[in-house]
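Chain nomenclature is as follows: A, B, C and D, assigned in order of appearance, with residue numbering initiated at 1 for each chain independently.
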Amino acid sequence: MIHWFRSDNTAPACPEILDALLDANREHAAAYGEDAWSLRLDAVFSEFFDRSVRVFPVATGTAANGTALAALCPPYGAIVTPAHAHVVRDECGAPEFMTGGARLLLADCPDGRLSATQLVQVLDDNPANVHTVQPAVVSITQATEFGTVYRPDAIAELAAVAHRRGLQLHMDGARFANAVAFLDCAPADITWRAGVDVLSFGATKNGALAAEAVVFFDAEASRGYEFRRKRAGHLLSKMRFVSAQLLAYIETGVWRRNAAHANGLARRIGEAAGSSLLQTVEANEVFVRLPPPRAAALRDLGFAFYDWGAAGCGEYRFVVSWNQDAADVEALCTALRSGS
Amino acid sequence: MIHWFRSDNTAPACPEILDALLDANREHAAAYGEDAWSLRLDAVFSEFFDRSVRVFPVATGTAANGTALAALCPPYGAIVTPAHAHVVRDECGAPEFMTGGARLLLADCPDGRLSATQLVQVLDDNPANVHTVQPAVVSITQATEFGTVYRPDAIAELAAVAHRRGLQLHMDGARFANAVAFLDCAPADITWRAGVDVLSFGATKNGALAAEAVVFFDAEASRGYEFRRKRAGHLLSKMRFVSAQLLAYIETGVWRRNAAHANGLARRIGEAAGSSLLQTVEANEVFVRLPPPRAAALRDLGFAFYDWGAAGCGEYRFVVSWNQDAADVEALCTALRSGS
Amino acid sequence: MIHWFRSDNTAPACPEILDALLDANREHAAAYGEDAWSLRLDAVFSEFFDRSVRVFPVATGTAANGTALAALCPPYGAIVTPAHAHVVRDECGAPEFMTGGARLLLADCPDGRLSATQLVQVLDDNPANVHTVQPAVVSITQATEFGTVYRPDAIAELAAVAHRRGLQLHMDGARFANAVAFLDCAPADITWRAGVDVLSFGATKNGALAAEAVVFFDAEASRGYEFRRKRAGHLLSKMRFVSAQLLAYIETGVWRRNAAHANGLARRIGEAAGSSLLQTVEANEVFVRLPPPRAAALRDLGFAFYDWGAAGCGEYRFVVSWNQDAADVEALCTALRSGS
Amino acid sequence: MIHWFRSDNTAPACPEILDALLDANREHAAAYGEDAWSLRLDAVFSEFFDRSVRVFPVATGTAANGTALAALCPPYGAIVTPAHAHVVRDECGAPEFMTGGARLLLADCPDGRLSATQLVQVLDDNPANVHTVQPAVVSITQATEFGTVYRPDAIAELAAVAHRRGLQLHMDGARFANAVAFLDCAPADITWRAGVDVLSFGATKNGALAAEAVVFFDAEASRGYEFRRKRAGHLLSKMRFVSAQLLAYIETGVWRRNAAHANGLARRIGEAAGSSLLQTVEANEVFVRLPPPRAAALRDLGFAFYDWGAAGCGEYRFVVSWNQDAADVEALCTALRSGS
């Protein structure tokens, strides 16, 4: 029997989402986003964010990030982002592709969070002149790739620097719900109220089958976006099936329940990991350093998890899914404690 | 009550596909196509096509066409295709985007089918020299945008010209099943046996929720393809949900049953349309010329269908879906006949 | 001995341009356009056009057209242009490349000139919706590829349609001087006064070694342009050598003298060609239909000229250069007349 | 009076080049590289490199680098290069643009030279899998941006690693002649004999007006290159004027004389700079650390040179041009010594 801690991408979809999908499948409906589900998205997300927003569903997080960045960054632009961001390490150059050749300017962020000081440093090191790419966007991830979470004021500081220098602020929210659940804040608090211009809103990792969305907090910025989405192949003909997932995700409250469940179990693993912890556990990911033989022993017990960093360096990642069984987690905690 | 004849994209998914989806949702599974469903695709499609093939699922037909063309056509290349092809009219420049700026060279094909003679003409009109784009691919649609179907020998003639001139042959098979059902042939007969190099294999219009695939009949040609798919945002994290649809589509035989059902009903509409028919009805689409007041009258009766061509020109398209009710069709036939 | 009528690209540079080049070579000067010559360009061109303009030199006409179009057209945009335009037939897809994958929408213009009626037709045939590319630019050539010249009011009509529909008007002025000389008008009359937004200003064909420029009649539209030029490799380090050519071209008046000379001789060839003329001779190009044996006989006499259209179709192009010898032309006229 | 040490780009062209230009201007000649000068390039460069090569002239170094990298690197590829390379800092994203969105992977190289160990490290840190860009090219600069020069065996080590891992080796030879002059080697010794696949061959900084070339040491690798050059606007219509510069540059031996002259004077400045030197002086650039008041004092004396690194950090660059006056250099040496 496998205990799955490899990724929240390995989890199935949750019942609320499946029910919505089946419900959306009863009859004919208009194609390409003209259906009743898709047409409700702007309103539902506007209420969710307590502000009038424009929402565009897509099928993957890479699509959301890439098309969002393309909407914000000219081909001759640059995007400042942490060196370990998903847009850097895990999207096979989607930002460069979607923007038409913009560049990622990397900051070394050991806990996954870019600071305003670092942003200033990167911008100072890359002065805008005709000989070089023009910094146009800052992209941060919430929760980060290291399971940490930006506080609202940290985001606001980044936004202040960005906006003062003429850049826009993009947030990759693949685990947005986990961040909100951890902070116990309103979705607005870590987005537009803190200065975020565009959000990649993720649902797939937290209980959907395949449902992400690009959320523009300023409608004007979304001008032209729908054409970019279409030509990237992300306007689904039967869009209702993505939209229905997103609606259920928000309206049933499962977005927060699932995230809180996963966060809570991750915290217990973090406590069990004790001094082997590499990062503070804030969302649903746990990073630990273990002697490789211990990791091998855990794997022999059926625990599935990823190596992190260079092969053999003794760093590992455990991700808790929305449907993780508490018994799974207890077994892992026991195993971690016994070996400490 | 609406009688839906606007597009096969308006139909729900069929039970066989839904069952497969639910079945794939029971447990955790590896992400990004490493799951048991995705890993079976090459074998199942290879049997389907009676040849060893490489298959890459994506979420939309635009994604399939765009990434397939990018795999075949250099940025300085050109793609010969009918002027009314989906890649021309309905993908917002996806081929140009995905290829990095290749060009579409258009042929005027009144019944949707490109002939070998026309292909020769386009190639002669666009001689390859350093001053112009280099023809690299021929892209045809099967069944065509006008509901007509290429015979195997017509495809073979196109392939012969293409290959002799150094071009490759791509087939947009958004309605591939409808073409096979009409021809009552093997899938191989209108693909690799006739010289097709790469196929965009569609399932969405014929009963899936969102499931398409790029099929390479020569594995070598697929080198690099997976990177293009990934950076376009089309490697789904929970890929099993697309793969499971494709497996069910093929293995239950629903691909052919659904297509045959739709084709058969379309033929009846075609017979009812009589002399107002604009195109021979071969697949599941019916094109008719009607006095605009008659079209308006049909709409008053609840029939939903698209204008075709320029507004007010009196041309209309009716598409029959996999789940079309025979009574719907009878009602339409009666209405069409009564007005003839 | 060869009588060169193949292209004005085969001519050497004129003395005024060479003198300016040598003069610019005396000492050190700042690089990348910060030199004294480049810094004068805006003022000199603003006087030339009787309006405050922004000017950016580049080395080729393809570079001028491609970067200008990229400044005006989004990647998901489309450019309406005659089917025989240089941007279509002779730039190996530079517009597609520079724009990031925009599309050319072609109009069939037998005399090289796009009419406002045709523009309306193309726009009506390509209604903007999310499924297709968005018409954003009209590109015309002055003088055209067929040696004809747009009158100011024809340009104004095109501009009116374009602007009303939200498109901008680009002019490829590879032979701009020949058009002005023919019309005996002010440069402003066929550019901004008629509604042209951006001009590719050519000097190479009319006596320079390699000197073209992109002229923005609205400074705002040039925002970001310099980055596109730089990353396309068209900001020359020793830019003064291009700028000095452009300054001499305008300030010595050679732009008009050279063009008038070539136009005048072309007119004489046109008169000699009589009924074999395919196009009215307005600028410095002459298109004729000849029996292929007669063309062969002319070539035996040393006349060098291009076949036009399909091989063997009996259509030929003669281009008169700025330095064409009157005796050359007389010899050609005599030969043409003798065979009529 | 200004003593120019800002850049070798500020120098005029040398007499040998100008004479060749004037000589090429006497008569008509075929356009677009079909002229007698351009047609000799392959032979002359093949003799120069002691191997059969294919040569393509372009107008700028950015064009040479960008188009060369595009020929070697797929859109989903990556290019390993020092963080201070010209392709990184000074080309406004040309590599990303020309390749269609490839990525630069940066190594920190304090003396400008990438080592084989660093290359291995970068490749190990960027393992090729479907989730990330695929390392495809190593790009090094000879002489480097810091005025240092790779020895043949260091290049061979890089090539060995690159080729073993499936990457190709590109050399930016904007100051190639300076490197050869310093090493007193054959051009082949630091190119194909050491494993270089493609070279950007520079002449502009060393005495030409505007003349660079892309040299393929394997003709097969150049397939498709000419189309990339053309669509980037770098196939000049009057190409003879670039080709004539390149021929004269090589055939008169001025390439080596100019470089040796500049290198020799730079060495004297280096000796005068003594302990303030930041880099060993090998080619024609001198990097020094000076108290900012001393730098200001030098500028008051008429010495023109660039700040290097961050503003106010006290690092400066002096570049010696092909035509630098020995008296200029003596004056600088005296000034540097007096302040030590």
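What we mean here is this: a contact is a pair of C-beta atoms (placed from the backbone, for glycine too) under 8 Å apart; a residue touches a chain by one contact, two chains touch by 3 or more.
As the structure is a prediction and not an experimental result, all values here were calculated from the model.
A.B. asks: What is the set of chains touching both subunit B and subunit D?
C.D. replies: A, C
A.B. asks: Among the chains, which has its CA centre at the largest distance from subunit B's?
C.D. replies: Ranked by distance of C-alpha centres from subunit B, the top chain is D.
A.B. asks: Is the C-beta contact count larger for A-D or for A-B?
C.D. replies: If we tally the contacting C-beta pairs, A-B comes out ahead.
A.B. asks: Averaged over CA atoms, how far is the centre of subunit A from the centre of subunit B? Could you give it in whole Å?
C.D. replies: Computed value for the inter-centroid distance: 33 Å.
A.B. asks: Between subunit A and subunit C, what distance separates the C-alpha centroids? Give it in angstrom.
C.D. replies: Here the centre of subunit C sits 50 Å away from the centre of subunit A.
A.B. asks: Where the centres are mean C-alpha positions, what is the separation of subunit A from subunit D, in Å?
C.D. replies: 42
A.B. asks: Where in subunit B do residues touch two or more of the other chains?
C.D. replies: Answer for subunit B, listing residues that touch two or more other chains: 32, 75-76, 91-93, 96-97, 100-101, 130-131, 133, 227, 230-231, 235.
A.B. asks: Which part of subunit D faces subunit A closely enough to touch in the complex?
C.D. replies: Going through subunit D, the ones touching subunit A are 75-76, 78, 89-93, 96-97, 99-104, 124-125, 130-133, 310.
A.B. asks: Using the touch definition from the top, list the residues of subunit C that touch subunit D in their complex.
C.D. replies: So the residues of subunit C in touch with subunit D come to 2, 4, 6-7, 9-13, 18, 21-22, 24-32, 58-64, 66-67, 91-94, 96-97, 204-205, 209-210, 227, 230-238, 241-242, 321.
A.B. asks: Please output the residues of subunit D touching subunit B within their complex, sorted ascending.
C.D. replies: It is residues 32, 74-76, 100-101, 130-131, 133-134, 224, 226-228, 230-231, 235 of subunit D that touch subunit B.
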